[in-house]
């Protein structure tokens, strides 16, 4: 990863068209801005109603809220699986809704996405599932191998590259999905409940992994139900409810240092 | 549900062959017994190694352990998606491994299963997804309608029976899976991480739902990573690690009454 | 399992995969159409062969200048032969008239006198006489007084017979190939709809459904597909046949001596039910490995 | 996109769906075989029609008892006619010999004298003369001294011509139907493999793959399928043709007057490449709606 970052000279930015760079104006703007976004599924059930939200470049934001609040919908709008019904979503100052079909792949190449339902390919091997994100970028095979190996190591699956993903346990599959999202070193990482199938120890590990990646300049948007996880970190927490931002606060406020989390935290602080 | 239980005279028990009843000897035995069970995937990586375990009729057991410990494998052995490589699994005193292919459906009709990956049919409606468990039992359509309605109400999805499951949020899909598992009032409920996509409030609701069903005589085997959930109840907790039972204890021991859980608990105690 | 639930689940399958089924039924109908056409050709060729095998026919050209009395006597002699069914005398005049009727040319030909056209006797042979016996008969007749030439059509007959048998072989090969295609198409269609509905099958199995419960709707779908396709094919074949019948008859009848006939009700029923049967079988076979979930 | 990755992904597809592809290629090969056979029939019918259109032929039966000198004179007269290409005199003796050679019968027939068989002159007509002109010529010849009968084969010709055109129509219909079948089968196969690999396509799209990247391996697979199937069909057709060639020729050649010929290299190449083309097109079309994920 390090070698690659050097060779490409800073954060890669092939936006809208491969090879294009975001200009100075793009760099100044927030990486993601929601302006009065509505999304309807059927007449009377809006999943998002008038969402206003700005995420600055390099931020780490938790997204939480009850089941059906609209978290996944919000993320899907960003990677254009869905389009807004009214309002705008600006990615680096550009309106995502106005992208042509041909440009969408180039938007997505700037994103790393952990899907709530993993979306791994069960009959592919672990290696192939992670490598596809780099093959799409047409990286040479040698580089793909080394970066995939590194990503698998970071999620605790090193040495398991040849197993078929369909045979892995739920938590292992989720970690494959995480590895795929981070392997391409995206500008924006969208993680939809990436720890739902992980035990508390691994959940903290994955959170820590995301924080490490965040340190290198990646913006992270992390949707989760795990209060144990979000409350213990000093990041912005957005609470959605019924398609609206219901609460914005920072973590660590109500963090109680009891239970297994505390043990791990102590260990982490020590090491 | 009540009317049906009455009409069938106690817990239905169509085991191995539809219409057959478990005799007195079956009723005395533990509902589930693992005797020195091994399960190998490939030569050198046993998922279960020498598991011994007895679950009594009417028990409520939590199953926990790190990712890849073998929890799902254990459950899959019970519903015969997998077969043991050595040892025996006795369900009501009968060896599951020795069931013929034709008997397996009748074993499964005694089970309610919440799968870790939900296994809902995305292009079916919520109603159809839940009703299939009863249609298989060839219940009359009227009865199917009323019982499905009741099950959906219990998981907080009443009035949403006509939506296609593929359009639901992750947590909603998980609740459909829960409804399908409980709708047939099984003798044994196997739940594999049934709250991984639910917010803490809903997770407690689902746990409470399982406890209510447990009250009516159903045996529950509940695999989860959510320590917040298991520690607060007085049930047996089995910890697996690397395919072995690593720890057996009861909950409530290390339960700290802080955070949101406490609030809900208080409310629940009051109501 | 209740029929109600079976039907309603099969209907759901059709609704969901409508496009797929339209494509499948269409291509199956085409395959069945080929099969039907091959059968039709076989049947008509068979009819022709049978007729030819039965009804020999000899033309006896008469020497010029025979008296009508001599001709009548000759005809009587011929009629008296054991192998002969009937005779018809064609006088020079009649031959000329027939010839003129067949040509559309005017003057020049019309000027031709009757003497240009030899009188002849058409001899119908009783059915069941072999080609060799007819050949012998023709030679005997040729030796009779007043006969100039005998045409027994043996060469033509032999060539046409070999043509017929080649046609039969071809039609049979087509029928076999088409049968194979139908099987492959139904199998692929069912496999396709299974692949799309894998999750559904898996869920039913895991909820305790028996193989029969899972298989039911697919087999119903296979049967309906096969039935629809073969019925469509039969309808199209019938439409084409009866629309083109006059043309076919005029093209073939003089040549082969029979009218084109359509497939009998027995064969039609067989075709339609073989559609249903192939649909059911192919569904069942394709489902097999998917049921082992 | 790099060719390496394209090929390796296509190979992966083949490996995973080997059974499916075997079935698909087999049923496609059958369809192509039908197409090839129809083309072959069309081509041979065309050759026959062309030859017949060009080479008319009249048999002039001579009156009994003509002197050899008279026959020679008559032949010279006929040869002098503008429409005549060549003439060949068949004496009574020769006609008898030919007849005996054609029958396998012994004694009785062998006893027949040469006088039973009329002498004749075979008249070859220069190419390009129409049927009507031949008919007129036959009438003129019939009026000549010493001619007993003229056979211009007009009736046969007309019937065979209509048979030929019916055959052509039939072969064309088969070709169209088979083309449709091929399209449907390739489409269904590709759709089937897409249905099974839906998740894969979805994942690639969501990771930022362009349509081309996703489509590439499927199109390669479609092309390979089409190529394999059509090549197989051509090989099978050639094997069948050359194995049965002698039989076909003996069955048809006297009758139609030409030797059966195989498809030319141009048509063969066209057939094989149309396989590849249909494979690619059908893949592309079938992929369309799945790319909109």
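Residue numbering begins at 1 within each chain, and the chains themselves are lettered A, B, C and D in the order written.
To be clear about the criterion, a residue touches a chain if its C-beta (ideal position, glycine included) is under 8 Å from a C-beta of that chain, and two chains touch if they have at least 3 such contacts.
For clarity, every value in this text was computed on a predicted model and none was experimentally measured.
> Could you tell me which chains are in contact with subunit A and with subunit C alike?
B, D
> By mean C-alpha coordinates, which chain is most distant from subunit D?
B
> Suppose each chain is reduced to the average of its Cα coordinates; what separation in Å results between subunit A and subunit D?
That pair's centroid distance is 64 Å.
> Roughly how many whole angstrom separate the Cα centroids of subunit A and subunit B?
Between these chains, centre-to-centre, one finds 32 Å.
> Quick one: subunit C and subunit D, Cα centre-to-centre, how many Å?
20
> Enumerate the residues of subunit A that touch no fewer than two other chains.
Within subunit A, no residue contacts more than one other chain.
> What positions in subunit D touch 2 or more of the other chains?
There are none in subunit D.
> Answer with line, ring, star, complete or other to describe the graph linking chains that touch.
Looks like a ring, each chain touching just two neighbours.
> Can you name every pair of chains that touch?
A-B, A-D, B-C, C-D
> In the complex formed with subunit C, which residues of subunit D make contact?
Residues in contact with subunit C: 20, 23-24, 26-27, 30-31, 33-34, 37, 61, 63-64, 102-105, 108-109, 112, 116-118, 132, 135-136, 139-140, 142-143, 148-150, 154-155, 159-160, 162-163, 165-166, 174, 177-178, 180-181, 184-185, 187-189, 191-192, 195-196, 248, 250-252, 254-255.
> Which residues of subunit A touch subunit D in the complex?
Residues of subunit A touching subunit D: 79, 81, 102, 105-109, 111, 113, 115, 119-124, 129, 132-133, 135-138, 141, 180, 184.
> If you look only at subunit D, which of its residues touch subunit A in the complex?
1-2, 4-5, 16, 199-200, 202-211, 213
> Can you list the residues on subunit B that touch subunit A in the complex?
Residues of subunit B touching subunit A: 41, 64-68, 71-73, 116-117, 167-172, 175, 192-193, 196-203, 225, 227-228, 231, 254, 256, 258-260.
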